[in-house]
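Look at the two complexes coming up: subunit A is in both, with subunit B in one and subunit C in the other.
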Partner chain A sequence: MLVWSRSGRLVLWVLFALIFGVLFLAPLAVILLSSLADQWNGVLPNGLTTEHYTDVISGAAGRAVKASLVTGFLASALALVSGTWAALSLRLQGHALRRLLGLLFFIPSAVPSVSVGLGLLVAFSHPPLLLNGTIAIVMIAHFVLISAFTFGNVSAGLARLSPDFEQVASSLGARPAYRLWHVTLPLLAPYLVAAFGLSFALSMGELGATVMVYPPGWVTLPVSIFSLTDRGDIFAGAALTMILVVATLVLLLGLERITKRATGS
Partner chain B sequence: MSAAAFTGTSVMDIDAAKVRGAGSNVHFDKVSVAYGAHVVLHPLTLDIAPGEILAMIGPSGSGKTTALRAVAGFVRPASGRIRIGATDVTDLPPYERGLGMVVQNYALFPHMRVEDNVAFGLRAQGADKALIGERIKDALGTVGMSAYARRYPRELSGGQQQRVAIARALAVRPRVLLLDEPLSALDAQIRRNMVEEIARLHRSLPGLTILYVTHDQTEALTLADKIAIMRDGRVCSHGPTTELYRRPPNRFTAEFLGRANLLPVTVAEAVGPKGFATARHGDALLTGAGRNEKAGDKSLLCIRPQHLSLTADSDHTNRIVGTLQEVHWQGELTHLVLDVDGTPVRVSATRLPIALPEPGAKVPLFFAPADTSLLPEDAGV
Partner chain C sequence: MSEAVTLRAPAFRREPGKLWIVPPAALLALLFFYPLVLIARQAFLDDRGVANVAEVIRVLHSRFFLNALINTVSISVAATAGCLVVGLVLALILAFVPFPGSGFIARLIDTFIALPTFLVTLAFTFLYGSAGMLNAGLMETFSLPLPPVDFLYSAWGVILAEVTVYTPFILRPLLAAFSLVDRGQIEAASVLGARPFRIVRQVILPAAIPALIAGGSLCLLLTVNEFGIVLFIGAKGVITLPLLIYGKAIQESAYQVACIIAVVNIALSLGLFGLYRFAAGRLGA
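Right, the complex of A and B next:
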């Protein structure tokens, strides 16, 4: 314990509660209340209703949830495979090449997502790579934006993995593919699940690039929320936001349980 | 090793019978290892006979682990060849060398139960189920871990994990067992027990060739048939354990293996037919076991701390006098440090006179000629 005095600990707890409450809880609470507000003219809503949820669920929300979940799942899975592959391959390269290629992976995360969307739109609007107006271009946009995070997570896991495990496996007669499947990947499992979870959460909330490239039949939750709030339908947008938060949370909690079971921790 | 190799009976069943004939010799033929321009292992030529335990010892950075890793296939030699049995393994990947390896931190696969760890090598090589079951039982039985087969590594103590690591390496019936500082992570008491257990294991599997890398001379002296002492990427001495301890060929070996006292002497009378020479240290005329020393040679007289006595008897015909400087009592042993004409001399005694002299007192020390060894002063290697 860094702070020994009781009063010091109390001050720190109050400070933490203030920061956490103002920065994290308050916005969420406002969205939750908005999603349930009948009318909101004063400090608190005038009355509560579930009407906005009924409206958005009977409307386009179901399709938006499906589009977001499918996009998030596929893009994250693809990013996980390629990020893991890249991290495993770069581990065998020299220090300079590893640094350079590693840096390239992170470039899309340093560029505004709108610019990434615009770039994809321009690049894939002419034959032979005509993907404009397809679901594939949405997947590609999400993949490009999140792959840096999967690569970073898996690389961090590999750096912490003692080479002894793989070397002992080799000395016992395990060929590279067997070793990868039975030793390296299981040992990396917590990092792989964390990478997938982070990618999925990022994809579920992605708006900037998606709004540039989405086709009419594939409207994701953030795009729907943006459209609703842009039209002034704040309460419906808030209801959809809560659906997005719950869907993402449920999936992340599920992933955490799977990791705990797999690693026995 | 192909899957076909596993169609016979188990390695441990019937225990040593199979393994007795299974050990291979290891031959380093001018093997060197370099990282860029930095040479970490100078051309090394060395043989480990089938069924032999060779301990490679030396300080950190001496090249001992590099030599082991070259045998395992994790370091590619810059020059030279490595043979295991009749096979030149220099260009073979690690998984085709037929070895077992145990490392300092055990490297048990944490997501597998003990039995799956032991079965790992056999499954990787495609052995059939019945044989795997038999080998798990036998390997765990050999190291006394049968009751822990269903546990995960995190549920075991350090010593138990190390036993499982040994069982895992033995289960594949290796041609050579590589032990890389296997006991370094254990505390002193468990380490002592494990050294005895490895010695017992080798007695039950006498055909198993073992390359044992350690920085602990006690482990090397207890276990090894032969010892190779490494320094700065070179073998500075190599030979049977008792021979190397009793007759160290150079200063580094004498000091590294058992912290010998080295008294500078001038040979007065060359080595005679019984193998002894007389040598002068200050006023004292001493007799020591020699090799081919001639009168007038500058030499070092090597005497082990436990061979020096504070009391004279008929065998202890050599006598030197030193000034007592320090006394360290360690229970079963008492260590004395004396100054003999500017040379620090250590004495390890189990029994001391009731009235121990005070520091600063002149103390006579006695030792037998047979407990000494002369080595050339310039052989500092």
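Right, the complex of A and C next:
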């Protein structure tokens, strides 16, 4: 214990509550409140209503939720396969090449998302690679942006894996493919699920690259939240944001439960 | 280059496993590095495909570009400083003056990493906007004719939102570093009469420096790249490099200008990424 006096501790806890309340709790609480607000002229809303939710659900929200979920699922699945593949095959490389390629696989996380979108527009707006205006370009943008996170998560999992299991499997005569499918991948499973969950959440909230490349028929949740608030419809925007937050949290908690049940911890 | 290839070829033949890296590397090369190279090329070509270097010089000297660059760097530095201070205070209390439920609170703050950044800006509109709760409360209490709090639509609004969004990125490595600090050393120092402030300065802070440097450089990188917060605040005077790229490319269809600015932005980000990797490498992460 760093601070022994009761009053000293109390002062610090009040300070903590103040910072936590202003910076983290208040924004979440106020989004929830405003998504339910009837009219808001004073300090607090004049009344509560679920009208904004029914409005956005009957309006653009259904399609936006679908676009976000489909984009997030496909981009995360591709990122999971490619990131796991990269992390596993990187182990077969020599030291220098492994370091260099490891760095290159991380670089997409460092480049601003708007520039990733701009690059895709410049590269894929002409035949033979004409993807501009298709749904595929949105998936590709999300895949590029989250690929570094899945790669990093899987690499971290691989680094923590004890090499004993794989060596025992090899010495018992397991061929590489059998060893990969029955030993390495099951051991990696918790990291794979965590990587998938994080990249899905990142994809659900992605805005910068999406506003650069999205076609008219494929408006994701963040983009439709922006167009709502930009029109001044901030209460509907708050309701749609709550839908996004709840969808993300349900997804993350669900995946965490699956991991816990699978590993038995 | 061709020499290196011929020298390496026998090694590939001996170990075919090395070729497994080709598919994911090729995918990333096509979808990420190839567009990146094209941005650099497009920066020197006008929209009809003719070389135009004068435009590069004009943009780099233009007021809108320099303003955006200054805005980006100063907002990023201020937000990172704020994240470091807030993150350090929160981490110190969570780690060394814990309270019932502090573990849960730490996890709650951690989930902010997964939430979209513009959420905070939208919330700030309701809290601190001209018709927000704070202004409404102050106007009612002191019967003021005009909203007194007016920082949201300036760089300060962006900075406060970024502090909220990126403090968890400081908190995470700090809490990890603090969990390794020997509690006995702190007890001993405090039994010997050292005051808490001195213990923090001489025992705890030295252990936290690598985490602060790594977390701080990550914050610099993320705040330079931040787009959603700035877009949602939508203040005319607060244009950063990513917002300028979006405006030039999508709203004005000026692709060469957008690419010139993107090259500068990407170079700045990659420099900060190098700083982060260096700091994280020294941390042993």
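Heads up, the rule we're going with is that the second predicted complex is superposed on the first by the 246 of 265 C-alpha atoms of A that agree within 3 Å, B and C clash if a C-alpha of one lies under 4 Å from a C-alpha of the other, contacts with A are read in each partner's own complex, and residues count from 1 in each chain.
The working rule: a contact is a pair of C-beta atoms (placed from the backbone, for glycine too) under 8 Å apart; a residue touches a chain by one contact, two chains touch by 3 or more.
Quick caveat: nothing in here was measured; it's all calculated off a predicted structure.
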Superposition on subunit A - do subunit B and subunit C clash or fit: fit
Contacts of A:R175 with subunit B and subunit C, given as first, second, both or neither: first
Partner chain in contact with A:Q167 - subunit B first, subunit C second, else both or neither: first
Which superposed partner A:S58 touches (first subunit B, second subunit C, both, neither): neither
First, second, both or neither for A:S7, with subunit B first and subunit C second: neither
Contacts of A:L187 with subunit B and subunit C, given as first, second, both or neither: first
In the superposition, subunit B vs subunit C on subunit A residues touched: C
Minimum C-alpha spacing, chains overlaid - subunit B and subunit C, in Å: 12
Doubly contacted subunit A residues - partners subunit C and subunit B: none
Footprint of subunit B on subunit A - complex, ascending: 162, 164-165, 167-175, 178-179, 182-183, 186-187, 189, 262-264
Complex contact set, residues of subunit C against subunit A: 15, 17-18, 20-21, 23-25, 27-28, 31-36, 38-39, 42, 86, 89-90, 92-94, 96-97, 99, 105, 108-109, 111-112, 114-120, 122-127, 131, 133, 136-137, 140, 163-164, 167, 186-187, 190, 196, 199-200, 221, 224-225, 227-228, 231-232, 234, 241-243, 245-246, 249-250, 255, 258-259, 262, 265-266, 269-270, 272-273, 276-277
Of all residues in subunit A, those that touch subunit C in their complex: 1-4, 8-9, 12-13, 15-16, 19-20, 23-24, 26-28, 30-31, 33-34, 40-44, 82-83, 85-86, 88-90, 92-93, 101, 103-108, 110-116, 118-124, 140, 143-144, 147, 176, 198, 201-202, 204-208, 211-212, 222, 225-226, 229-230, 234, 237-238, 241, 244-245, 248-249, 252
Contacting residues of subunit B [partner subunit A, same complex]: 1, 72-74, 93-105, 107, 109-111, 120-121, 123-125, 152, 154, 168-169, 172, 178
